[in-house]
Amino acid sequence: MTRDYIRERQQRTGWLLVTPALLLLLLVYAFPILRAFWLSFFTENLSTSLEPVFSGLDNYGRMAQDGRFWQSMRNTAVFTVFTLIFELLLGLIIALSLDQAFRGRGWVRTIAILPWALPTALIALAWRWIFNTEFGVWNDLLLRLQIISNPVNWLGTPDWAMVAVIGADVWKTTSFVAILLLAGLQSISQDLYEAHAIDGASPWQSFRQITLPLIAPQIVIAMLFRFAQAFGIFDLIQVMTGGGPGGATEMVSIYIYAAVMRYLDFGYGAALVTVTFLVLIAVVGITWLYLSRLRAKTE
Amino acid sequence: MTTAPQTTAPPQTSDRGIPWMRVLLWAAIAFTVIFSLAPVLWQVLTSVKTNDAITADAVVYFPGLDQLTADHYLDLFRRNRFYIYMFNSALVSIVSTVLCLALGSPAAYALARLRIPGEQVILAIVLVVTLFPYILLFLGLLEVVRAFGLANNYLALIIPYTAINLPLTILVMRSFFQQLPKDLEDSARVDGYNTVQMLWRIVLPMTLPALVTTGILAFIFAWNEYLFALTFMTREEMKTIPVAAAQLGGTTLFEVPYGPLAAATVVGTLPLVLLVLFFQRRIVQGLTSGSVKG
Amino acid sequence: MSKLELQNLTKAYSRDIVPVKKLSLAVEDNEFLTLVGPSGCGKSTILRLIAGLDQPTEGRVIIGDRDVSPLPPGDRNIAMVFQSYALYPHMTVRDNIASGLKMRNLPAGDIQKRVQEASGVLGLDPLLDRKPAKLSGGQRQRVALARALVRNPDVFLLDEPLSNLDALLREQVRADLKQIFADQKSPIVYVTHDQTEAMTLSTKVAVLSNGHLQQLGHPNEIYKTPANRFVASFIGSPQMNLIPLSRVGNDVALGDFRVPLPSGSTAKSVILGIRPEHLRLPREGDACTVSGDVFLVENLGMSDLVSLRVQGDPSLTLRALLPADATWSKENLRLALPPELIHWFDGDTEQRLNA
């Protein structure tokens, strides 16, 4: 056997081309997460004069007792579940209508992806203004439609604040879901629908028996991405409510940020990061397995 | 809503009087348009209303001529030197986008064509990190920024922005490279190009549209980023638009300068609105090839 | 003076996938070698091994007296024309033609002169500033040829350059190719699955099957004395009649008829081969004839392809190319098998028996 010079040369160049990108990914992704894991076994806060002192699992023990942590986890779970449900429903409606042929479809498509492209922090400002108690347009509309009789303090009432941030996030990210689902819809051949219609199927039956099963992978992928983003939501909440009122909309990310930046409790913040990371990875891993099963079944 | 082909639907439905499917479709379209535009338009409207009109007892939907003003915009630039934030945002976004393409495309090419060992592992890693929320990274990055004294330095944002856009760049560019005919690269090799020359002079010029697509996505993500910008840039003259705008209102919910805030939102979103207007197709294409095919 | 030599060339992707097996051959100056064979026979892989796009598992590629096996394609001084033409879409025709020269850092004046020459030969002058997307298929093909010609390479490699052209254009370009390469001194290796191209263009044909070289020789030799059953069936259109028969004494029985075996052969079972164009109506003195019932007549224009079942054994069929000026659909037809045009192959080894 002669040496495969060509292959060797290619691989050398290949590694050369991949390495810079990999190093940067290691620095920005791998280091912070490993570092947080390491730091979570130390106490590093004002009581230790910001010096790391090894404290074993203390941070995790403290977390188990920490009502604020559990509250933030509950908030995050509620926020994630409801945004995902509404985004999927609305995203599906938008994707299905954008999949049809009609005049001006290009424009509607452009309009539909607009919310996704805009900066979340600025959009949060817009929603804060819309939900304003005195001058907000949302109260005004509801009053005019006589759905409410007195202005509601949306961002100042715990439950309503949660509704408001969920609404704002659904608005912001539904377009992302719609884009992914639309790609799935467009990959379905029209022949299938025509054959199905000739067999006497109603549109609803076609939707149930053809559309849904064939875009199932796109739905799972879109939900996976959205889960990860919703679970780590920061900017929208920080700008709209700051986690308030009274911690009613405080998500894990907001708590982490506060632990580190406000209370300078680095060790505890690191433990929070670690736990959040593990929960995320677990859910992603389970979805991944489910997805590969789904793919194996359709192939 | 329906997915039945419209070409076969109209003749049947018109017999029964009202074409329900068509009505439903237009209702869904109307909903989509209103849903997507209303909040933005409201902000635009607010930004050109006088303070009196903004805080009028009855909400002013259609301001009269005497209720229109450009003051909020002028304020942004006169009193708040908003052009500094715009410059910062633009600089950080453009530099990180260029860097991201410069690092990401060669890596994507290697992963698409050069059959390096460990290719599958690298791809899996790249795919998984696209799911990491930034909040998981900020503590570690904060330490890096402090260790290298990068606080209030553009690099503190350029480096993470380049990195967070790398996975998407690699996935999108790889799927484009895989679609290129292999003969062209073989031909270039016969002509005497080595891999790097070939990438630079043959492959990248051919994938220019893909580079534009990916670049737009990277630019959008960088322009919109909030957490790192909030944490690593504390000096006023280093802030980017999202952070500066969010801090315009101060910390309380009261006495908020609604007009300038609205104007700031409009100014900060305008570049992105333009990008979407011109590159809608590419954005859709990039997003789907980055997440679905990857 | 350059010469291309392949020594013991083998390419194995895995234990079972071995597209090229121990191939040795040489192509001299002024020689036009065609590699021909069905798809999957390894002919394109051989070209890629010569070009250096793939590395052989074993064996060497020698150009002139240089062993180029370890060299990258760019250092081998070869030019290659691809099936898809592989024109760089973002470059003008001029830049496409010049790209290989620029990589060799030739002075700009030289490059311009050579590009002018090649584009003159191929009639590309009015197209030089266009991009490939604005060219027709035939024009693109000529640009690809020009890009190879300007290089003055030590070896030309052409990978099915005509297969993307429509039938009409293909014949014309085939003729052009022959003229253009008649003026080139360097050895040419041409890959095709089309035997007409192989026969018309080459000075030497290599017939490949399954990674093995079946026969190497002048087109006439390949046609007149195919080395084995595969070559006999692959070269020639319509396909040669190949009939496995068992021996009866010094003859074989073809239905009710006897055909004498060539002297000195000892094979137990044989394959009789005769080309449809060599079967003819009997004349005075024809000793060896067969007759049978016509069951199919295909009109090929200048002649008819007549299929008949041999009398005495209806499972044996013969196809004959006969003048189109008569009606052949009559029941029974007698044909002569000129003994000097019969090809005999061993029934077991499938190798040629008669000289």
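Chains: A, B and C, in written order; residue numbering restarts at 1 for each.
By definition in this document, a residue touches a chain if its C-beta (ideal position, glycine included) is under 8 Å from a C-beta of that chain, and two chains touch if they have at least 3 such contacts.
All values reported here derive from a predicted model rather than from experimental measurement.
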Once every inter-chain C-beta contact is counted, which two chains account for the most?
A-B
Could you say which chain's mean Cα position falls nearest to the mean Cα position of the entire protein shown?
B
Which chain's centre, taken as the mean of its Cα atoms, is farthest from the centre of subunit C?
A
Roughly how many whole angstrom separate the Cα centroids of subunit A and subunit C?
61
Subunit B and subunit C have mean C-alpha positions lying a whole-number Å distance apart equal to 56
If you average the Cα atoms of subunit A and of subunit B to get two centres, how far apart are those centres in Å?
15
Taking each residue of subunit C in turn, which ones touch at least two of the other chains?
52-53, 72
For subunit B, write out the residues touching at least two other chains, lowest number first.
194
Can you tell me which residues of subunit A touch two or more of the remaining chains?
7, 9
Can you name the residues of subunit A that touch subunit C in the complex?
1-7, 9
Quick one: in the complex, what on subunit C touches subunit B?
48, 51-53, 72-75, 78-80, 82-86, 88-90, 99-100, 103-104
Per the contact definition, I'd like the list of subunit C residues that touch subunit A in the complex.
52-59, 69-70, 72
Touching residues (chain side subunit B, partner subunit C) in the complex:
181, 183-184, 186-194, 197, 202, 205-206, 208
Help me check something: in the complex, which residues belonging to subunit A touch subunit B?
7, 9-11, 13-15, 17-18, 20-22, 24-25, 27-29, 31-36, 39, 90, 93-94, 96-102, 106, 108-115, 117-130, 132, 134-135, 137, 140, 155-156, 171, 174-176, 179-180, 182-185, 188, 190, 193-194, 197, 203-204, 206-207, 210-211, 218, 221-222, 224-225, 228-229, 231-235, 238-239, 242, 252-253, 256-257, 260-261, 266, 269-270, 273, 276-277, 280, 284
